[in-house]
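Each chain gets a letter, A, B, C and D, in the order it is written, and its residues are counted from 1.
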Amino acid sequence: MQTNPEPTVPYGQAFALWRDKAIEPWRAYTRHAFIQGLGDGTLPEVAFIHYLKQDYIFLVHFARAWALAVAKADTLDEMKTCAATVNALVNDEMQLHVQTCLAAGISEDQLFGAVEETENIAYTRFVLEAGYSGDFLDLMATLAPCVLGYGEIGRQLATKHSSHTYNDWIACYSGAEYQQTCADVGHLIDCALTSRLGTDYTSGPRWATLSHKFETATRLEIGFWDMGLRGR
Amino acid sequence: MQTNPEPTVPYGQAFALWRDKAIEPWRAYTRHAFIQGLGDGTLPEVAFIHYLKQDYIFLVHFARAWALAVAKADTLDEMKTCAATVNALVNDEMQLHVQTCLAAGISEDQLFGAVEETENIAYTRFVLEAGYSGDFLDLMATLAPCVLGYGEIGRQLATKHSSHTYNDWIACYSGAEYQQTCADVGHLIDCALTSRLGTDYTSGPRWATLSHKFETATRLEIGFWDMGLRGR
Amino acid sequence: MQTNPEPTVPYGQAFALWRDKAIEPWRAYTRHAFIQGLGDGTLPEVAFIHYLKQDYIFLVHFARAWALAVAKADTLDEMKTCAATVNALVNDEMQLHVQTCLAAGISEDQLFGAVEETENIAYTRFVLEAGYSGDFLDLMATLAPCVLGYGEIGRQLATKHSSHTYNDWIACYSGAEYQQTCADVGHLIDCALTSRLGTDYTSGPRWATLSHKFETATRLEIGFWDMGLRGR
Amino acid sequence: MQTNPEPTVPYGQAFALWRDKAIEPWRAYTRHAFIQGLGDGTLPEVAFIHYLKQDYIFLVHFARAWALAVAKADTLDEMKTCAATVNALVNDEMQLHVQTCLAAGISEDQLFGAVEETENIAYTRFVLEAGYSGDFLDLMATLAPCVLGYGEIGRQLATKHSSHTYNDWIACYSGAEYQQTCADVGHLIDCALTSRLGTDYTSGPRWATLSHKFETATRLEIGFWDMGLRGR
């Protein structure tokens, strides 16, 4: 019996397929206690702040991974989409993050001085290494759980949150701008798969490898929330 | 006897030192017959068009190399400068290039269909591979001759060209915007050297390796002009 | 009061300095409960087997990192030492590992089918990514805690173990062959630092960055033992 | 009318297909004047020596590319084959090269001091960069023309050379050991394609990209012979 079917999210075909193949860890990630706590306001502030500090470090490596995608792209269109993402991350999103942290009482110095947690290292280096050792598709498969998972979580919280404590966070990831990024990234992934592996991209052995990387990245996202809850 | 001393260019300290250590190839690069032809209008149009087509392919790889620099950067400031360069290249400069080519009678299809010349492959892959196998500094040392050499060539042609045939090209590289990019890149390089190797960055063995890479890239730039002159 | 001074290990100068700068995590790594359990035989077999399975996956990535070092080397001598290490790992050590696991009741299929733990991903990908994004020295600084730490642990257990249960493991890492590898790697690191940064390689800013990477890798080794103890 | 059909070479299926798709440059490469000169002894010694010096530098980068293939491999078997190739290159082949050069009057110092020619840079960096930016298959497609082309040239010269001047060179590449390496590499490539893209690996879009890389590498091999003939 499945009382909460997965929401339909408009982030393209490959994402929907990857998500279905990794449905157990995907649920553990997108319905994590950390997220419940964001929605009903029960997440302790200390956990949220711990998460924010680690997420700042995460975003640095995330931007580096998208930059690597520019270097690994096959077409000018792929380069443009990835370059725009890098630019948005380093010039807008990270600046916003610094402000959110300041509002939460964390100075920029504290942000920079935070020691990177193992779960953070695991996820970010897994993505970057998959990209360096593999190709553009490996990078997309490992980046997808973060970009698109946050989009799905944002949409889910926007419709059912019962507290206003973490409104800003929810507004950011459910907002039109972030949702458009998700749609663009989903489209980028579908096109990249088709142009490299053909329209029946799920029929060859590469699909299993990519799906496995998507699933591992999803498991590492669960670890990231767990780490957030450990915040002291 | 040296009748034409090198112009003083405000692109930072490391560039001035690298240029002096590679002064013979540097002169062969920045005073090449191709450039004389741009200045006095004697460059055959067919050579210019051949160059433009190859330069378009060059810019794709050049943007990829700057994106790799984002992935290899140590600080957020380095990331921002390099990301801005990528963005300018893929969203502005390459678009401008397409238009210049259209004006010169080369369709976008012809641009995309051009076969990459050996000299083009040699330079672009040398830069990218130096970056992948080495670190951020190796990337800077191999990117510098192109970015800053074009700045120097632009300034030189702006003051002494005797023909208006290639005015647009000269205006582009002598213009305030491109010159500012050169100043920024020169500053980025000086800071990157200091923050990694200390203020006396020329005293260790790394300096010789980086200077050698700068010189090799300069030699490859000469080859690029030679290739342009072969245009048919 | 320090009752157990660090043993003097003949693995070169840089290693001794890195170890001293990271002495707290280094002790937590080299005197971990897992190692005490190897020495006095109290380590549960299930924990040892869990460790062995993860270590097999670790060795695959470890060999890949040493191969990356060949690609990133500056001299033929560096290439030869690193290539010999890769060869020893993929042709000898991993085969030995398969046999040890078979003796412990783990089939080769089970070895290949093991799900990689987060701590394993964190350490291996941290090393590989440091290598890809940085240069040869970054790779050496992150590989050192594993290679040389196991050498130190082996020597320490060889002189004071009170049980024969884990004799084979202890004999492997305290043996002449492995100790020679450690001496060779220590020498490789000292030479690589000197040839790139000069004889006073600790005086520039690069030294702090490399030391920090050594320390992070050491912390990730602690996590690896913790993960071993979780074995079920 | 085709009087000289391509010889059938037992280096696997993918190689045969790639070669057929790039048949014009392939012939220009494998029937180059340099090779005719090796066969009939008319190749000037100065050209041969120039080639040998450049080929030494080439082999360094070639070994680095095979090491990168170890880092980018998917399976232990792939890793073993590539690691064995690296080992053979840095411990045997390059040593043999040093001796051949010594016999030809080139000291080891001269070998190390040779300035890398543009054609050499173009080919080696093209291979390495294709590997870094792409995946294992991109590396194989760009390495294949060199490994397998030399095998084909060796076989061809062994059956029809009319002079003994360059016997050693011909014996090396037509010999059982080198021919076995070619068979192994051909098999490695077929397996790598099948395990990643399926048994009908020519049906998807990736095949065209890989074939194009094989062809570009073949063109760069022609440039390498041209460069050899320029020897002074």
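FYI, a contact is a pair of C-beta atoms (placed from the backbone, for glycine too) under 8 Å apart; a residue touches a chain by one contact, two chains touch by 3 or more.
Since this is a predicted model, take the numbers as computed values, not measurements.
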Common touching chains of subunit D and subunit B: A, C
From subunit D, the most remote chain by mean C-alpha position: A
C-D against B-C, pair bridged by the larger set of C-beta contacts: C-D
Type of subunit A:subunit D copy interface by residue overlap (half), same or different: same
Inter-centroid spacing, subunit C versus subunit A (mean Cα positions, whole Å): 32
Rounded Å distance, subunit B centre to subunit C centre (Cα mean): 43
Where subunit C and subunit D are represented by their mean Cα positions, the distance between them in whole Å: 36
Multi-partner residues of subunit C (at least 2 other chains): 64, 71, 128, 132-133
Of all residues in subunit B, those that touch subunit A in their complex: 60, 63-65, 67-68, 70-71, 73, 76, 79-80, 82-84, 86-87, 90-91, 94, 128
Residues of subunit C defined as touching subunit B within the complex: 71-72, 74, 132-135, 138, 195-198, 203-206, 209
Residues of subunit A touching subunit C in the complex: 64, 116, 118-119, 121-122, 125-126, 128-129, 132-133, 216, 219-220, 223
